[in-house]
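What follows is a pair of complexes built around chain A, which joins chain B in one and chain C in the other.
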Partner chain A sequence: MNSPKSTALVLALPWGATLILFWLFPLVYSFVMGFTDYRLLVADYQWVGWSNYRELFLDPDFGAALKNTFVFVIGTIPVTTVVALGLALLVSRGFKGRGIFRAGFFLPSVTSMVVIALIFTNLYQRGGYVAMLAELVGLSPPEYGFLYDQGTALYSIMAMDVWMSVGYYMLIFLAGLKAIPDELYEAAEIAGAGKLRQFGTITLPLLRPVALFIVVINSIKSFQVFVEIFVMTKGKFDTATAVYFIYNEGLATHFRFGYASAAAYVLFIIIAVFSAVQFALLRRREALW
Partner chain B sequence: MNKRCLLTVLLYWLFGASVQASETIEWWQFWTDPGVKPTIQAMVNEFEQANPDIEVKLTDLTWANGHEKIVISFASGKAPDVLELGSDWIAQFAVHGHLAETTADALKDSADFRGWSMATYQGKVYARPWILGTRVLFANRDLLTKAGYEEDFVPADQQEFKEAAFKIGNLGRNIYGWGSNTAEKHRLYKKFLPFFWTTGAQLFTDDDKYCVLSSKKAADALLLYKELHDSCGYVATQRGIEDAFLDGKIGFILSGDWLLKRIELEKREINLVSTLMPGPRFPGRSFLGGEFLAVTEASTHKAAAAKLIEFITSPENQVRFCKASRSANPSSKTAQEDEYFRSNAHLQTFIKQIAMAKHPPVDPNWVEMETAIEEAVEDALFGSGLIAEPLMKARIKIDKLRRR
Partner chain C sequence: MVGPEGKVRSGVRYLGLTLILLVMVFPLLWMFRVSLMDVGSSIGMGRLLSGSVTFGNYVDLLGAGNLGRALLNSVLVGASVTLGNILFCFMTGYTLARFRHIANRLLFVSVIVVLMIPAHIVIIPFYVLMLKAGLYDTYWALILPFLVNPIGIFLVKQYVESIPPAMEEAARMDGAGELRILLAVVMPLCRPALAVLAIQVFFTNWNSFLFPYILTTSDELRTLPVALALLQGHQAVDWQHLMAGSSIAVIPVLILFIVMQRQIVSGVTAGAIKQ
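Showing the complex of A and B:
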């Protein structure tokens, strides 16, 4: 009983039980639920096969939510990654007060998303600071505010998300930059390579695993975007995303757990495929380098 | 020593337990306001004193997640005995058999209570009206005077109201004729429906088979609403509109009695006019909603639960509760006749408007239908700007929902 194996088993038990109870069981249960017409308020339910999935593909609201989710992912990932890398390069240099800049850029990442969303809701409102800035540069802001216009609502939320995320990814890039041996840059300098060439031939290739991690993690996070939408627009003005759709179907209005579970699995498959493609593309290019 | 302990336990078990309540009922309610909760607690204490065999366990809910908690309690089979329900939720819960039918009780008190129809689904009554709410038209007298109106002017009909709003809107920068709600869920439709019903539009055909949201009258109502919004509307959340109104920036707003409470608590100085919703021929119809008390089907103490509801909704307790909340109207006509309501002109406006207000259909899918209506209004105000097309889309959506 006192063998190392049994001790390990006992120590792993709380985590294992938690994994099974709160992760594996809901995962399997929701998958099964996706094939039923289970509604929270109705005691009995029927097995409906693929009917929920068929309905999903014909549901214009789900189609719109998926479209918005893809716009969000495709719009924010490249911008966040590039800006985070740029900031990491800037603050990796030795200059006075760089700690303040690093902390400043990172601060939004440790602030509550709800708080940030509320602040930006005010900034984006009619007559708010963003509208004033737009007017200053000669642009005409939307009449009722950026979040009350179908043409700007989603993009405004995306801009806020980029602002909020870059600090965190900057820190990861910074760690990646620190891991690159200085000798490589010294050797390149001796060989006569300029800064730009050093960046293209040393920094970028060696940062590729970090970039892959950032792109995959950020993509998964962006596919699951919810809090911003919930706080800022409640899915109105063409901003409902896939997770907001799932929330609305399952918890907010319809309580259609079966249907919402099916939608959640569609999103899960999309995220899995998207991540696999990203891994394949970035790894293949890594091999080429 | 041990014998003494044993004797104490035995005596407590024999006599102490006998004075304890034999029944414990659980009541979930939404009034957490420090100004109101003590009144709720006092009423519960009085009920317990009058009924020593019944103990009441109070649980507070919030409007942010109360509905979800109730749904989950039904799904998990752990629903309380008594529930406070918003009028929009009764059909949703009744259709799945979660609420106990109280038709006999309803008939007993039907003459004195308003609002039974909101608790009636397919001919059966599932809850007892407690307090009612409506929206009335508030105006800023100073702005009306600046716009050239006499001291005693109130818009006699829709046309006068529109003209007055436009005139106030033209008074200058940062002055608006009308407070127009943004795309706020569960709020926007309560502002649009008074216009909709006042123009004589209906949601469904007389035989209740089809949605007629895209009728000519419905389009007229949305057009009027849009005209006010576009020409002189201060567009903000309900809270934002009320802030601006109390700051003297808006001429007319449609709001509830909580505004009176706010003016009193914040000691706002505003030359306030309250009047009934203006119609094509004065007066018009407004939105009617309310809070109801229901016994759940799962309750094993239905008689005790019904007793509590009867006590809480008695005319005297309704008056007492309304005085404490300062933002509620009693459902009992006897309570409405109390001096507290008769002596206040603004409260009288609410009582009169309630008599002429209309509630949304009692339908399990209403929450989804209201979303469709709100989407149509939002599209007309903030999106395409069209009138007929968004209404048509909403009509199709509602018909689809009802067929599901």
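Showing the complex of A and C:
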């Protein structure tokens, strides 16, 4: 560790090794595996070209998993984003005790997903709290509980997910709100703009980069939804998602590494395209406004 | 100078916020309440404030069940991964901040990697890799891949850049070696950033499920979330024990949350502001 250059190299070594071994290598490895019939305990494998991908295309389970993943992403993200913004606006201005509300709203986000999923399995069960609330407002809950019904299972999990993550995105919105200079509001006040108008012309446009960030990280996360499905339904009642499909094909039932890797790559490409489109769309709108 | 109208409005606000707060914390309160109920007693909904209180479920789980071991594993793995991240993210972050010429490329690659690779899609190659390396179902599988992370590196890099290099140069003049400067001069200055990093890494690790689940198979190596999810699979298990187990996983997080709230919040927002 004498010259600065060698010092730098030594210091960067742990990250370099992790990057190559545990990030880049698995990514390349799974791409290659996707073109083989590699499976557990079978030493020799064959190149099968695109046949895994062709099979995926025709596999109704994979189709259902993709559909459920899209329902999950498209259903939760707008709701989460809007509710998170609403919460942020409610607790942004100075009033006594807002710290307690912020902390309380954020608390579910630091709790383990497994724990949350277990609690909600209880709350959603037949005769549980959610069923009671549904009856209170005149709805009839599913006979065997919300998670044992094809029509409600996935939506119930989605509602839980929104509940769990709004506090986290609220904090990010709060940071965004704090970054807006007060002078802008003061100037608008002098110009005679009402609160609603200030919100539309100052707050919303200036929060757009923050909202974009939230939508992108939330979709990358939501496309990979797995733990809550694993704990609450094991993919039954039409709740299996893409990562659940990958797990199930690769590591739970058939141990078809090649096939599961191909499925993972399809998901990878979907996520990449989706992120790219989101960036492009929001950037274009920014230019228009 | 709050008029009567203002008072009403602030009252309505508090009422609304309190209702939302109730919705947000009720599930956790319910978990604690059920965890303290007798196994025989009904967990009917009227029981939130009435009925029995017992710590027997906790004693059962930590005594005879596997959950004591799982708790120990979670603490051990969480501590190792957190310490690793403090050291390695610091080393890399410092390099990126101070040696700019070779640093920027590496930083660029790291950021792309963390933003673009959805971690869950690599579960198959990860599993095969660990199997072939002979690390499957060992503590190494739970620790080694997670010892350093790009967001942590970013956090440190940003912080080191805000420290003037004068102190390091003075130490260098005095003849201190690079390692000494790093550990005795720069690292103590970075304590606020390292605290943010530590709490973030610890929480992520403490709560993580998928990788610990697929990389181990023996009961002796299960971490808390994995042990809890598997406990639920047992037909015989009751809600009282399940919720006691969940509480065991939540209580340390809750304590840290109260003590280190400021660091946790800056950890969440640090990633966002950079965008």
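The rule is simple: the second predicted complex is superposed on the first by the 288 of 289 C-alpha atoms of A that agree within 3 Å, B and C clash if a C-alpha of one lies under 4 Å from a C-alpha of the other, contacts with A are read in each partner's own complex, and residues count from 1 in each chain.
Convention: a contact is a pair of C-beta atoms (placed from the backbone, for glycine too) under 8 Å apart; a residue touches a chain by one contact, two chains touch by 3 or more.
What you see is a predicted model, and the numbers here were worked out from it, not measured in a lab.
Contacts of A:Gly104 after superposition on the shared chain: chain C is touched, whereas chain B is not. By the touch criterion defined above, A:Gly16 reaches chain C but does not reach chain B.
With both structures placed on the common chain, the touch criterion links A:Asp149 to chain B but leaves chain C unconnected.
Applying the stated contact rule after C-alpha superposition, one finds that A:Leu251 touches each of chain B and chain C. In the superposition on chain A, no contact is made by A:Ser92 with either chain B or chain C. When the two complexes are overlaid on their common chain A, residue A:Ser51 makes contact with neither chain B nor chain C. Between chain B and chain C, the partner in contact with more residues of chain A is C.
When the two complexes are overlaid on their common chain A, residue A:Tyr168 makes contact with chain C while staying clear of chain B. In the superposition on the C-alpha atoms of chain A, the part of chain A touched by chain B in one complex and by chain C in the other spans residues 251.
Residues 68, 71-72, 74-75, 92-93, 96, 98, 182-183, 185, 235, 367-368, 371, 378, 382-383 of chain B are the ones touching chain A in the complex. Residues of chain A that touch chain B in their complex: 40-43, 126, 144, 148-150, 233-234, 236-237, 251, 253-255.
Those residues of chain A whose C-beta lies close enough to touch chain C in the complex are 1-2, 4-5, 7-9, 11-12, 14-16, 18-19, 21-27, 29-30, 33, 87, 90-91, 95, 97, 100-101, 103-108, 110-116, 118-123, 128-129, 132, 163, 167-168, 171-172, 174-176, 179, 209-210, 212-214, 220, 223-224, 226-227, 230-231, 243, 246-247, 250-251, 257, 260-261, 264-265, 267-268, 271-272, 275. Interface residues of chain C, counted against chain A in their complex, comprise 10, 13-14, 16-17, 20-21, 23-25, 27-28, 30-31, 34, 43, 45, 88-89, 91-92, 94-96, 98-99, 102-103, 106, 109-110, 113, 115-129, 144-145, 147-148, 150, 153, 177-179, 182, 203, 206-207, 209-210, 214, 224-226, 228-229, 232, 239, 242-243, 246, 249-250, 253, 257, 261, 264-265, 268-269, 272-273, 275.
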